[in-house]
Amino acid sequence: MTVAAQTTNDRWDNIKQFIKDYGWCYIFIALPFLLFLVFTVYPLITAFVMSFQEYGVMQSTFIGLDNYKYLLNNDIFWKAMGNTTIYTLGTVPVNILISFFLSLMIFPLNKRSQTFFKASFYLPAVTSGITMSLIWLWMFDPTRSGLMNIILSWFGIGQQMWLASSDSALFSLMLMTYIGGHGGGVILYLAAMGGIPRSLYEAAEIDAAGWWSKMKNITWPLLKPTTLYMLITGVIGSFQVFEATYVMTQGGPNFATTTIAYLIYQHAFEYYQFGLAAAEAFILGIVIIVISVLQFKYMSSDVEY
Amino acid sequence: MAEVKFVNVVKEFEDEKKGKVVAVNNANFTIRDREFLVFVGPSGCGKTTSLRMVAGLERQTSGDIYIGNRLVNKVHPKDRDIAMVFQDYALYPHMTIRENLGFGLRNLKTPKKVIEEKIKEAAAILSIENLLDRKPRELSGGQKQRIAVGRAIVRNPSVFLFDEPLSNLDAKLRVQMRVELSELHKRLGATVIYVTHDQVEAMTLGERIVVMNEGEIQQIAVPEELYEQPNNMFVAGFIGSPPMNFVKARLDGNQLYTAGYTFTVPGHLLPKYSRYDGKEVVFGIRPEDIVTVHLLNSEPERNVISPTLKVVEHLGAELLLYFNIGDEQVTSRVSADAKVKGLTPVKLYFNLDKMQLFDPETQERIN
Amino acid sequence: AGCSGKGAGGSESGKDVITVWTFPHYRENAETGQKSYEQHLQELIAEVEAENPDIKVKYEILSWEEGDKKFDIALNSGNPPDIFFSVMQPKFIKTGLAVPLDDYLDDADFADLEQFAIDNFSIDGKLWAISQWISIHTWGGNRKMMEEAGADIAKIQKEGWTWQEFYDIAKKISKEENGKKIYGFATQGKNEETLTHLMRNNGVIKSVTEDGKFMWNGDKAVETLNFLKKMMDEGVMPKETAGIDAQKVGDMFNAGEVGIYGRTGPYQVRFNDNRNKEIEAGKIEGEKIDFVLLPFPHNEGEKEVATGGGGGMWLFKQKNYKGDKHTENAAKVLKHITGTKSSVTAATLFIPPARKSGQEMFADLLQLNTDNGKFIQRTLGYVVPGAKLEPDLAQKQSQILNDGIRPKFQGFLAGELTAEETVQQWTKVAEGILK
Amino acid sequence: MEIKPATHSPNQLLLDERKDQRRKLVRLAVLSVIYVLLALWAVFTFVPLLWMLSSSFKDTTAITAVPPQLIPKKPTLDAYKRIIEVGGLGRWFVNSIIVAGLSTIINVFFASLAGYAFAKLRFPGRNGAFWILLSTMMIPGQVTLIPLYILVVNTFELANTYVGLIVPGMVSVGSIFLMKQFMSSLPGSLIDAGRIDACSEFGIFWKIILPISKPGLAVLGIFTFVGHWNNFFWPFLITNTNSMRTLQVGLTSFRFEHLQDYGAMMAGAVFSALPMIIVFLALQKYFLRGITIGAIKG
Amino acid sequence: MAEVKFVNVVKEFEDEKKGKVVAVNNANFTIRDREFLVFVGPSGCGKTTSLRMVAGLERQTSGDIYIGNRLVNKVHPKDRDIAMVFQDYALYPHMTIRENLGFGLRNLKTPKKVIEEKIKEAAAILSIENLLDRKPRELSGGQKQRIAVGRAIVRNPSVFLFDEPLSNLDAKLRVQMRVELSELHKRLGATVIYVTHDQVEAMTLGERIVVMNEGEIQQIAVPEELYEQPNNMFVAGFIGSPPMNFVKARLDGNQLYTAGYTFTVPGHLLPKYSRYDGKEVVFGIRPEDIVTVHLLNSEPERNVISPTLKVVEHLGAELLLYFNIGDEQVTSRVSADAKVKGLTPVKLYFNLDKMQLFDPETQERIN
């Protein structure tokens, strides 16, 4: 046997061995991955190409970085970026805190109460976003007969314009997320709280820690992995927020609620500028990726995934 | 002054499946000031529960607990002047060792400087100065254990509570930590209550030992007494490794009839067994009191049998010989010098001066 | 039918399949014996299929909110339906897939269509859709409340009214009654529609002219805005207008909280009739309302201008061209479903059909001899279409609307901008876009 | 040395007693406050739902009545009658069940398969592949609508078919992520035991991993089911006939130009929420066990 | 025939943080047919990795592994004719015990009847007949352990692999299971490879023992040899409990100078230490070779010292005495008859016939 023959033989053996060792692993992810390539990656690549084009149904023209340049010089784009950022900053941490405190309150209760409250907080999630938005639109009626205004009047607070004023519109959208929509977070937090060893709390009790100290020094730091997960998925979600704006405000008044996702929609469907919309999406995508990586870096020092 | 006293303490749990569970039943005893007391017993016997009642983490169903003469039934854990070391150490995983040690004091609003000093002191005692800035996950099991003790020390309590603090360590480290704890106790001069299910730990550490079983206290005694005069079969079987051998027997005069073998009871023991003459008894003898004849200077006339060995285990300095009397497995522990090879029959001498007899009904030692 | 459909077009048992996408204009009402829009469409389709055995028509009724978006995606994927119902949209033309209808229409067709309907859908000298109706924009009023305030409704309907006359009446209606506020006028503030109506009746008919000039830049715009502001300040119009949508305005009107309201149309006559009937039958609670259609008021010395629009059926080809024969067939279908008989749809909605022959055929249904009917007929005479812009310019105009006028107007309604600032700011946006 | 109470004074006892009493009271008070707060918050989150429910029982005037009626004065089933009369409701319902059900089953299967591979199997390229998956979550979906539509409708000609409804949503990166987190906590020795027990790699997944992952599957199952059940836009895009519509798409037919039938819409929303509430209640016992994401290194 | 052979076996892991980790370094040895071989060593030394390579769950980086003369480098676990018992038992929690036992056979398409029989047989051997219809979570630790063994038995393999099967059991159960496993091995007559970090288990169970440390094999020998002739300080310190005492010393003629004490080396040992005359050595002696003088028949003339005791531990039959030589802690293990009370100085005789000397550099035993 020649040396060359041996090496090809070896190589073939190696390949066979590789398939034997890892074949199953690849088969396991193959089908999901294939579907994912076809229905997610391929459209994404097409969209990426589109972001360098002026899109037309019959024919698109390549215009280089023009779409990106246009956006970076566009006031409305930056305004939308700002709104999206404010919205994200104003909703994600607040909602995580709300979920956290709700869970904190539910955790010490008995099983039946736990189940009851978990269900109560999760159930609003079963209505579709559009229905929810419609109902809220109704509640935010700025006249005196609006439900929210009626509720406020019970507390002696005057009539609010809610979505109708640039000052309060974005806040109103945020408010909507504060109420309801904590079911998932509560479920995740409660599960994680159940995983904290009881002995830590007992040690803390002997260490003279009060409720606040236990919460601050044990519960909260130990829930970091869950918090990180919710932070990342929350940021991804809120940076892409669209439905509420679309149904409730169409970006108004005076751009107070124009988000990037809404702008993408506008460019795509109102002006058929799909290239521009794609460019916007990819800028947003990069921002989200950067933020996620930063969050991972900053938060995951104690966290093992 | 930190004596701990249990008076008629009962603790019941409501279990969802089993209904009412009595974890501790009518415990009465006093732990003396500066004493190292060990609770030992099989899993689920109520050791941890007893300890947690002292700590105040669990409140007794009835009865009183005193710490240093103070009735503490209704005192919060932090006010009981105790510190506790948990089985899983319960170190706060996200804090550095320094923060772990200082946490309790910080909660008590101790001045920073004092905290620093106390940490330094404890660290010196335990030689953990170089670990102070690490996190618990960067420590080995033994180091974690030491930190857990350190956390107790900085509190400067009058009673230390330990819940199986060594059970997560490997055998070697366990021996080492045992000695350290023993020395520590001497140095600190505090009362220590120590829970374990390992009888070796109990025997080596405890000044006195409380043996529990199914919520009942079986015996409270110093180690030697526990070993040599166990109250009942449970204690006799639990203390000592390998455990005491038990063989069903019938006492007839000075003869002890077992399945297949007859032993002669030494005359000086007969008086105390007289009540059981002619009755069924349980004959107990410890493995080290069964020795191969050729290790003795001369062959005894009586109480020598030649059973067929089932298994021989070589432990380095010793051999364990396993054989049967009737259905019951009997173990003999002899020096490795015995050089027993293979499973051939071997002559074994039963030293009946060290025997015990038990009542098969009550399982109490016959005295 | 289930899984049989495989994309638009294609053939089924050798037939040429024509796809139609349209919207649910009205629904069945068993009590009045009114058929649903779908049933009317089915009848028309059955006829055209009977006439042309080689044609099979597949139709889909889209939902109002998202239907346009579905079409947008289909169109931009190169796969639009053959026929689609829409208002004028220059962006459709820009894709190159819309097919002009001139070749498929004869003179008789052109003669039968109202001129406004033709103008409305013409760009580049080509007709892009056959209008189904002329949807006139009007205001609406509560006869009882207006007459109590001294209005001569017949005169208003016949001759129009000025801003001042309108204001006086509205002012008189406005009052606060045991905690309940009643407004003389209300309109939705989500977009600039009402402003457009008032601007047109203040001498500015187009916001952007055919030669690319922005017209809402001057005193007229400021004056119009200030007129609105005055009404809000004086409590004639709700100060929350910025947050009120069309639905809410209608509700307020039905609840008797509003005397006159902005932007309704002839269709409301029918809705109002139905409502009154239901109240009579005790099915719902509420006060019956005598509803009157009202012209837009015009500023002193300016010409009265009516505004209209209208949806029509567009013809499209696909990127994967299916051949001239197919387009021809589609045009045939389109013609039939927008033919004289199709005027039943407009008539049912109480809107004037775009076909004169249709107006005749459904004269009864349209009740053209009532006060409201007469008013509609009069309006048809002076309705003026907006500027007919090139697709590119049209896009700019809509961008001016989206990026300038609408947001600034919202800011104005919310009291965040003065009239002058508003005009200044949107002018700046417009100039930037038109440059 | 600190000063410790040398003797047991009755004073101290009283003090302890009082302190304990106070602690008990505080505890009781805190617990009541918690219940009240939670109940209030629950009501708060329920307001929109209650509004939806109550509106579905109102007639057309009551629905817009000023001031709003929280509890309908004259409850009526008219809205429900209307949505039933429209016809197709049953068919839409069945379609929704088919689409959401199949999507859920397939999603859960694929996600657990891939999640298992990513969590428990070691192979070259594992981390890379996972990060590629994860990063696509960050790009908004709107821009891929057109390419996806071209793919599904023009290229594969799947418009108006169940396949077209289901296929693009068969794999979700989020689900894979969730399952990966869940599976990482399963003991690896079971997999080894399976290998030694002559079980094929797929057999290990199917016979061992899946059965012991039930809590994770249940959580993912309900998340996915709710997601697909409420999904409106994709089914709307690619169905062309009434008979292929899903419930969410069908329910939009209550919106007319110049007139929205809110009552019917709300009745529809109530109707479409019911199955999910049932699914939730059926699976909620698994939620109690829940799943943990990540772990603190201890 | 099921001999297992390692030839130049190396296993490296790529660790994300630590880079390349050599878990097993160039292992060469043969496990004889029907032998009970134990791998022992501290945590992380590569025991499990070696076992997993035999099982085929891990593939060696280089080198060959033979099972029964067959090169199995590329053979799938299921075809290696082995069965494995895992540390955490790895019972399938969703299957009944019966299904657990039959799972492997079912996968091999064994006829139902045969499976039933084999399960019955195994159940009889392990006396678990009454557990067959339970689920694993309804069993105690010892029962689970037995099921795990049963699952291996039904496969009827020629090699059994055990990975620390007893480490989750409590001390008492551990002793009992040890005997059971020993008997089982005799009955089944299969080759057994058994991994543990507990030297007692290793000594009692292993026919031969492989001592590993940091991926390197330190010694392969029968228990007695390991105990009496350890290759190096690691083995000497690892085997035996309490471990061998090590004291720094200098050899000078027949005198051994340690910190504070001088010992005399017996003449017959001197020849083998001649090379180290005048050099630093490490003096090793086991605790049982240091005894209290008054337990001996006569007081020896030499090698008796009177150190101050630090701690005395009472183990029932024995006492452990702790004291220092220089900085180094030394343990003596004497019979409880010694009756040492308190911490007064006590005369201790060092039996230097049993001494070992080690090279302080290489840590090898001087021979």
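To keep things simple, chains are lettered A, B, C, D and E as they appear, and every chain counts its residues starting from 1.
Going forward, a residue touches a chain if its C-beta (ideal position, glycine included) is under 8 Å from a C-beta of that chain, and two chains touch if they have at least 3 such contacts.
No experiment lies behind these values; they were computed from the predicted model shown.
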>> Please report the minimal path length, in steps, between subunit A and subunit D on the chain touch graph.
In response: 1
> Common contacts of subunit C and subunit D?
Replying inline: A
> Looking at B-D and D-E, which pair shares more C-beta contacts?
Replying inline: D-E
>> As a quick test, compute the distance in whole Å between the mean CA positions of subunit B and subunit C.
In response: 91
>> I'd like to verify one number: the distance from the centre of subunit A to the centre of subunit C, where each centre is the average of its C-alpha atoms, in whole angstrom.
In response: 38
> Just curious, how far off is subunit B from subunit A if you go by their C-alpha centres, in Å?
Replying inline: 55
> Out of subunit D, which residues touch more than one other chain, so two or more?
Replying inline: 66, 145-146, 232, 296-297
>> I need the residues of subunit B touching at least two other chains; which ones are they?
In response: 93-94
>> By the touch rule stated above, which residues of subunit C touch at least two different other chains?
In response: 76-78
> Could you list each pair of chains that touch, in label order?
Replying inline: A-B, A-C, A-D, A-E, B-D, B-E, C-D, D-E
> Residues of subunit B touching subunit A in their complex?
Replying inline: 52, 55, 57, 77-78, 82-84, 86-88, 90, 92-95, 103-104, 107-108, 135, 151, 155
> If you look only at subunit D, which of its residues touch subunit E in the complex?
Replying inline: 187, 189-190, 192-193, 195-200, 203, 207-208, 211-212
> Given the complex with subunit A, which residues does subunit D contribute to the contact?
Replying inline: 31, 34-35, 37-38, 41-42, 44-49, 51-52, 66-68, 110-111, 113-114, 116-118, 121-124, 126, 129, 132-133, 135-148, 151, 167-168, 170-171, 173-174, 176, 181, 184, 201-202, 205, 219, 223, 226, 230, 232, 248, 262, 265-266, 269, 272-273, 276-277, 280-281, 284, 287-297
> Which of the residues in subunit A come into contact with subunit E in the complex?
Replying inline: 17, 20-21
>> With touch defined as at the start, can you tell me which subunit E residues reach subunit B in the complex?
In response: 42-43, 170-172, 175, 178-179, 182-183, 197-200, 203-205, 223-224, 227, 238-243, 286, 288, 310-311, 313-317, 320, 322, 329, 333, 336
